[in-house]
Structures are given as structure tokens and as C-alpha cells.
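Okay, structure first, notes after.
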Amino acid sequence: MAVTTEIGYTTPDAITVRGKNLSSEMFGHFDFIDMVYWLNFARLPEPREKAMANLILVAAADHGLTPSALSARLTFLGAPESVQGAVAAGLLGAGSRFLGTVQNVAEMYKLAAQDLDDQSSEAAVLECAGKLVQAYRESRRPISGLGHNIHVHGDPRVPVLRDISEQHGYFGKHWRLALAIPVVLEQTHGKRLPLNGAGALGAIIADMGLDGIFGRGLMLVGRAAGLVAHIREEAQTPIGPDLWDLVLDQDPRNVRASSGY
Amino acid sequence: MAVTTEIGYTTPDAITVRGKNLSSEMFGHFDFIDMVYWLNFARLPEPREKAMANLILVAAADHGLTPSALSARLTFLGAPESVQGAVAAGLLGAGSRFLGTVQNVAEMYKLAAQDLDDQSSEAAVLECAGKLVQAYRESRRPISGLGHNIHVHGDPRVPVLRDISEQHGYFGKHWRLALAIPVVLEQTHGKRLPLNGAGALGAIIADMGLDGIFGRGLMLVGRAAGLVAHIREEAQTPIGPDLWDLVLDQDPRNVRASSGY
Amino acid sequence: MAVTTEIGYTTPDAITVRGKNLSSEMFGHFDFIDMVYWLNFARLPEPREKAMANLILVAAADHGLTPSALSARLTFLGAPESVQGAVAAGLLGAGSRFLGTVQNVAEMYKLAAQDLDDQSSEAAVLECAGKLVQAYRESRRPISGLGHNIHVHGDPRVPVLRDISEQHGYFGKHWRLALAIPVVLEQTHGKRLPLNGAGALGAIIADMGLDGIFGRGLMLVGRAAGLVAHIREEAQTPIGPDLWDLVLDQDPRNVRASSGY
Amino acid sequence: MAVTTEIGYTTPDAITVRGKNLSSEMFGHFDFIDMVYWLNFARLPEPREKAMANLILVAAADHGLTPSALSARLTFLGAPESVQGAVAAGLLGAGSRFLGTVQNVAEMYKLAAQDLDDQSSEAAVLECAGKLVQAYRESRRPISGLGHNIHVHGDPRVPVLRDISEQHGYFGKHWRLALAIPVVLEQTHGKRLPLNGAGALGAIIADMGLDGIFGRGLMLVGRAAGLVAHIREEAQTPIGPDLWDLVLDQDPRNVRASSGY
């Protein structure tokens, strides 16, 4: 029975994180990405890894009134004293359909691409994509990482994420498989479902050799920063009460008092 | 009735975050701290602000088996499919006593130091600290940011946080007030309760001119990264089951089967 | 150092909850309210206590698309595999402004009514209410439990909650104080802010002699049941995607694709 | 686009829940189980359904220092002002391995037993169990609802849950399948893994004709009540700080100050 961690320990005089003194060796020497890598992998990131980790966090942060931002704002409305509760409520939607998808997609690509390597022929990659599509159809599971309710003609993030991946040497077999899946889907089933942001980020995670939990973890860290911005705006110029009214007004059976409050 | 945000909006072809195109102007150009500032303040950080933000995130990340790490690990034990739930459970303890304290402390310093400026005399700062101590005693509220259960002779993080703050020009009236409070407490009540990490981080937030919600928000973002490291370790070498057994063994009325499971 | 609980313990052959065998003495013998009282107070409820606990749970459950129901539904949209995450997100808004208010109100009434008893004169109750109103005005804190954004002329729940309280002998000094506060507010400040549901439930909790945490706890238990109904409806006939569209449509800068998805 | 619910609506004078007036028709008339059924199914429960719903809630409530109770207590330690956060943290572990298992098990039984009926022969039930065991082995998925780390010779709750189910006419094909699975496992693979509490509750949910989300929902509602008892005990006689020390003491690299705090 061992209830211990390799992450860190504490004495009256020092906090040690994976062998380094937090105060004297990390404060002022480590930036946040260094710390993320040190905590998770007990090593510092290479420059190209740092660039990619920053990219993933920036991509995860947020943009506008997504369901997770709405959930955080509606929670803050009832419990403004608990910023942590509003952030937690916003993160809890990072499941199999939004954000958390990155983990599922990365794991799906890794499993499917086991017999490929980065130099595999285009035909081999397409065959691998074909097998994946068929297996998912047979077990009636949806393939994550495809299509977008707003960016119906193609997610504008994907080509830029691809370019930056290539630039840093992370355009490998998983990215190639990810891009081959929509090609196969269109050829064999006539469906046009382009790769979306979560699919591209899952390919990045897999081509960087990172595990799926770490991938989902980066999404949560990045999104937390976006939620803080939404909560701060909500504290200053709240939309929660109007959002509630807007929803009630969708059903004529709800009647609001004429005089307001 | 306006249910809109200034943070961002979306069209089929572009995601815009505070006026900039996410894909073409931010991916590859912004690092994570740039993004945090852009989302929250619609501007990029100065270099010294970036250094301090990195410092705060590094300080918040985690070290060892804190209550928030334990809560995340125990949650993962029951719901390994929901990494977001484990991270949320770990963040929910960031309240008035741990981590979230930074917000409370920053707001307390700001309110108390309204009539000070960075050049106020030492006597004026001590007087201000004295008034704060007296007001909290009279209303029987504890003063946050003082003392530590392990670092009883002084929190080893505080002097380094102070040095780095000074180096970047953020050692102002709030830091001075924070350091004066333990002096007053020892002089007038004979109690030795040195400033702790949360107190120092609250002083930094206040001296950087940032609001309390943003301060607590940075703590949550940084801690999320530490929780991801704990969850990944838990997935690989779980301590949750042994921790549960260890707790049950504290009460002899609990009897575990000899054969294990 | 004792890490033990009086709530229960376990052996290979039996689970014991506060001295009773869960399987042989509680299953089939205890209803849920019995269990709530047994767990919390190590005794069974009197019939009138059971009636009131049922009333509180029924009142807390839910009605329509409240912020907590919306937050749960938006969370389910992203993570349908984690019903617990959607329920948790819905509960996290039960803070100082919604639902959780019951705890704050009960504690406020208890503190203010310390020198009253159930037979105090009407004048004494009004004087007590006057002092409370004045103290809150002086410290610029809002008085919880008053007013409602929809039920502007009076919350329809309050008279029925009062009648049932009286019927069971729980209309005491806290209820009387709660009803006196709006009278004082109207007389002295000309403001019409009738007692709301949370105020009435806080009065019930206080007049039943229960603590504030238990009061907030009952609200959370009851609301969880309502959230389950919302999540089940969301699983069958989702409104989350339309809600998201509805919100985006409030800002003309958001452009959705004409073809939908 | 319809953002409406059939659960309820509100006017200045009345709250309506599935067609009934909350104040005049439900307060004082409905007990909590009535409300749960009314909210979820728009009908009142039969007496035997009420008995079973009470049984499930009692079984879910809690017993001793489970991971969910520990997570709630550790969260309360940092954020005592947010009881809702501590309850939420405790519920977030109700996933595929603990508590939430009831949903997964109920859905597994329902799918597997589609071709059985309550009067199917014992041979047919065993054959169905055999197919399920084989299918799970082939896809290398664990079968939920079996075995227990403490109750290694058989979960003491199971026979009582079975008796009460029979007594109320809810011992049908799902219960029979649930009990046949361990028989098959022992015959064909020599493994002794008796049905556990979650397995029995899943069988009850399925034999009552309820859906899996409702099943997991009842577990969450019941557990919330147990968590409230733990949080109240933690507020009065905290074990959180000692639990933290106990954990730190497991690793000799952690050194606590001799003088305490």
C-alpha cells in the first residue's frame, strides 16, 4: 500500500516538484508551459513542443457564447461568491461531444494508425481510413472530429493548425489519417464532413506522441482561461438575467410581470 | 435586452476574438499568456506582465498530494471516462480557504490600502495594517493570507515572490501592507503568523492593478495544469484504492476482507 | 489524529449506518426522509418533520427553464456520457443568490431573532426586523429572501408554505421576523419587496430548529431530482442546440450557415 | 427552433409543473417521490413504485468514508462557503465505476435481455448470460455490477434487494439475467464474482421499466443526501486536515513541522 506521488513533496523549508525546488529553481525560471511539461513529464519541453502547446491552449481558450461559456455565466448568476464553481460548471461540458473530443479523437487515431508510419504511402493511409470508417459504421458509432454546425464548408482553424504542425515537424501519420477520413467518407458514402478543430487538435496530440488524457487536459486548461474572461464580463455587464428572460419568452405560457424588477 | 458578448463571434469562415481573427492573427502569433490577456483585457501584456502571469500560474500549479489533488484522484477513481469531472472536482476546493483565497486577499488589500500610495511612509503603512487588524478582530473575521500548516516558520515562496515582484516594478503599497500585517499582529497580539503564498500572490495581483476575479481565475488555470498531472499519474499508477483502504483502516470498526479483491 | 466518521462503517458481511444494519434494518423499513434524518441526526423524523421535509424537497425540485436547468442541459450537450456532470453543473449555481440563499436566510434569521421567542409581541418582532434592516443598510449588504423577478406582487408559494408550517406547529419567531421585514421596509423606505420562496423556506428551516447547511442541503437534494427530469427531456428532445443558436442570433455579428447541419 | 420544456412554466401568479399548480395542488399533497415521478413521468407513482424508489434512494445514500464522501469533505475544507461545490465534487465520482454504474448495468441488461421475457426458461436465461459474457470477453470490456472489494463473499445488500423486488412484483427477466451472469462466469471461467449492489440496483431499474438516466439520477439524488450528512459532520468535527496529514505521512520525504499550526 503506497499512497504517494512522484509529483512533489513538502518540508517546512522547501516545496519540491519532481526534484526541483519550486521557489529557487522554478519561480522566475519556468514559464507556464515549462511547468506543464515538468509536472506531467518530468522534463522541459523542446522549443517546438512549447510552440505547439501554446497553440493548443490558444485554440482551446474560447470564442464567444459557447455552451460552456453560457453554463459558467448562468452558474455565476446564482453563486457569484464561487468563481471556482462557475469555472467548474463551464468545464463539465468538455465531454465526448465538445472539447473533450480531442482525447477521444487522439485515441481513435492512435489505435487505428498502429500499422502506419509517417512515411506510409498515400494508398496505405487511405486504406487505413477506409477500415476505420467501415468499423465505425458497423458498430454504429459516430466518428468524432468531423463536421461543424457553423463552419459547414470547412473549419477555418484546420488549415492553419496543419501549417503550424508541418512547420514544427508534427505533420505525421495521425494528421494524414485525420485528413484521409473525410476523403473516404465523401468517396464511399457521398457525405461531405470536413475535419474540424477537435479533429485537428487530436491529430496534433497524436503526432506529438502525447496521450489522450494530456490532450483533454490541455483543452481544459486553455478553456479555463476563456471562462475567466466570460465570468469577468458577466460580473461587469451581466447577460445572465436577460438570457433567462430570453429563454422564458420562447414559450408563451411563461408570463413575465410588465413592471420588471 | 442584450445577450451578447464583446469577447468574440463566429461566421462560417472566421472566428473573431476581440477583433482579431483567431486562425490567421492569433494561431502561431500568440502564446498562452498573450491569449489570457487578449481575452480578458483586449490587449497584449507588457513583457513584465507576462513574466508575472507566468510566475502566478507556476505558483498555482500544484505540489504533491494537496486536498485538491486528492479530490481529483478520488473522483477519477469512480469516473475515469470524465477527466473534466476530475479536474472540476479538484478546482471546486479553490474557495475562501485554499487557492481562491488570492481573490479575497487581493480585494481585502485593495480596500484597506485605498488611502495609501506606493511612496507612503512606513509609519502610514503600519497604521493602515493596524486598522485592518483591529477591524477584523472586532468583526471576528480571520485575516486570510497568513500562516501555513507546514511552513510554520515562514513560507519559502514568499521571499522569492517578493524579489521577482520588485525586479519587475510590482512591489507597491499592497505588498507593503501585506508584509506589515504580520508585524502588527506580532507587536500587538504576540502572534507569529507570517505571510503565506496566497497572501503574497494576492499582493501581486493588487500591485499589478488586476481585479480579484482575474486573480482567482489565474489560480484556477494554473491548478488545472497540476490536476492534469495528478490525474495522469492516477491513470498509470493509481493510489485511489489504497487511499480508500488507508482511510477505512483508521477506524477499527471497518473490517476489510483478508483476501483482497 | 482521527480520520473516522460516526456516519457508518463496513465489514465483509454488513454495512452499518449510525448503528443500524443497512440491509436488514433499513432497506424496506426506511423511506427516503427517514434515511435523510437518520444519516444527519441519528434519529427518525417525527411525522410533522417528515411532512415538512417532503414539502421543502418538493419546493426545491424545479419548475421550468431556470438557470440551473439551463446549465445542466448545456453541460449534457457536450458530455452526454456524464449525467453526474450535468447534475453537478446544475447544482453549482445554488449559491448566495439562488437556492443556496435558504442557508444564508436561515442563518440571518437565527442570528437576528436570538432575543425573540415564539410568543414575543408583534411590536418586539417589528423592532427586531427594524434593527436587521438598519444593520444591513449600514453595512450595504442586500437582505436575501425578498422580491422576485417574476412574482413581483408576491410569491404565490409563500402563503401556502406559511399555512402548512402553521398546521404543523412550525410558525414561530423566524417566520414572524421574515414576514415583518417587508413590512418595515415598506413603512420606513417605501420599498415593496415581499418575502419570496427562499425567504419562506429559510424561515421554515429556522423554525424547525435545523441548521443552515442542512437547509441548503435539502435544496440541493430536491433540485437534483428536478435536474434529472430536465436531463432526461434533453436526452429525448434536446433544446441545447437551439438554445445555442438562439443566443448567437442575438448578435448580428454571428453568422450561421444557411444550410444548417 | 423551440427552446421550451414540458416540465413547467411560470406567471406572476402561479408556477405550473406538468399541468398542476405547484403551490395549491402539490405543496402538502405530494411527497418527494410523488414529485420525482411527476417531474419525470407526468404521473404519480403506484404504491409499489414508491416503495422501490424509496429503497433505491436509501441504498444510494451512503455509508462511511467512500471516495465520494472524502472528495466532498476535502472540497469543503477549501471552500466552506460553497456547500453546493462540496456536494457537486462528491457527485462527480458517480461515473462508470461507482454509483453511475447503475445506468451502465441497467442499459447492458436491457440490451442483452431483449429476447427474453419474465417467464423464459432457466436455460434460456443462462444462455443469454453466456452470450453476454462471451461478447464482453471478446471485446475485452469488463462486465459491471460484479464483485466488491470489501464484500468479497457476496454483497449483503443483494439478497435483501432481491426479496423486496420480488415482494413488489419486480423480479423479472433482468434480475434473473443479473443473477445468471455470476453463475456462468463461475462455470465457464472458474471465477467467483458475485452480483454487487450496483448490479442489483441496475436489475431493479430495468425490471421496473425505467431508463438508465433515471436510474443514475436516483443514485445522485440519494447520494446527495448522504453527502450533506458528511459535510455537516465535517463542519462540526473536521477530519479533512488530519486526512491531509495522514496522506503526507505516507511519504517520508514529506516533513511536517513539529509544532503544528
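Note that the chains are named A, B, C and D in the order they appear, and that numbering of residues resets to 1 at the start of each chain.
Methods note: a residue touches a chain if its C-beta (ideal position, glycine included) is under 8 Å from a C-beta of that chain, and two chains touch if they have at least 3 such contacts.
Keep in mind that this is a model prediction, so the values were computed, not measured.
*Asks:* Looking at B-D and A-D, which one has the bigger number of contacting C-beta pairs?
*Replies:* Of B-D and A-D, it is B-D that has more C-beta pairs in contact.
*Asks:* Going by average Cα coordinates, which chain is farthest removed from chain B?
*Replies:* Max centre-to-centre separation from chain B belongs to D.
*Asks:* Whole-Å distance, chain A centre to chain B centre, using C-alpha means?
*Replies:* Computed from C-alpha means, the inter-chain centre distance equals 23 Å.
*Asks:* When the centre of a chain is set as the mean of its C-alpha atoms, what distance in Å lies between chain A and chain D?
*Replies:* Centre-to-centre distance between chain A and chain D: 30 Å.
*Asks:* State, to the nearest whole Å, the distance from the C-alpha centre of chain B to the C-alpha centre of chain D.
*Replies:* Those two chain centres are 35 Å apart.
*Asks:* If a residue has to touch 2 or more other chains to count, which residues of chain C qualify?
*Replies:* In chain C, the residues touching two or more other chains are 2-5, 9-12, 16, 64-65, 79, 81-82, 84-85, 88-89, 92-95, 99-100, 150-153, 243, 246-248, 250, 254, 256-257.
*Asks:* Please give the residue numbers of chain B that touch chain A in the complex, ascending.
*Replies:* Spelled out, the residues of chain B in touch with chain A are 1-17, 22-24, 26-28, 30-36, 39-40, 51, 53-55, 57-59, 61-65, 69, 82-85, 87-89, 91-95, 99-100, 103, 150-153, 156-157, 159-161, 163-164, 167, 211, 213-214, 216-218, 220-222, 224-233, 235, 239, 242-243, 245-246.
*Asks:* Once bound in the complex, which stretches of chain D touch chain A?
*Replies:* By the definition above, chain D touches chain A via 2-5, 9-12, 16, 79, 81-82, 84-85, 88, 247-248, 250-251, 253-257.
*Asks:* In the complex formed with chain A, which residues of chain C make contact?
*Replies:* 64-68, 70-71, 74-82, 85-86, 88-89, 92-100, 147-153, 240-241, 243-244, 246-248, 250, 254, 256-257, 259-261
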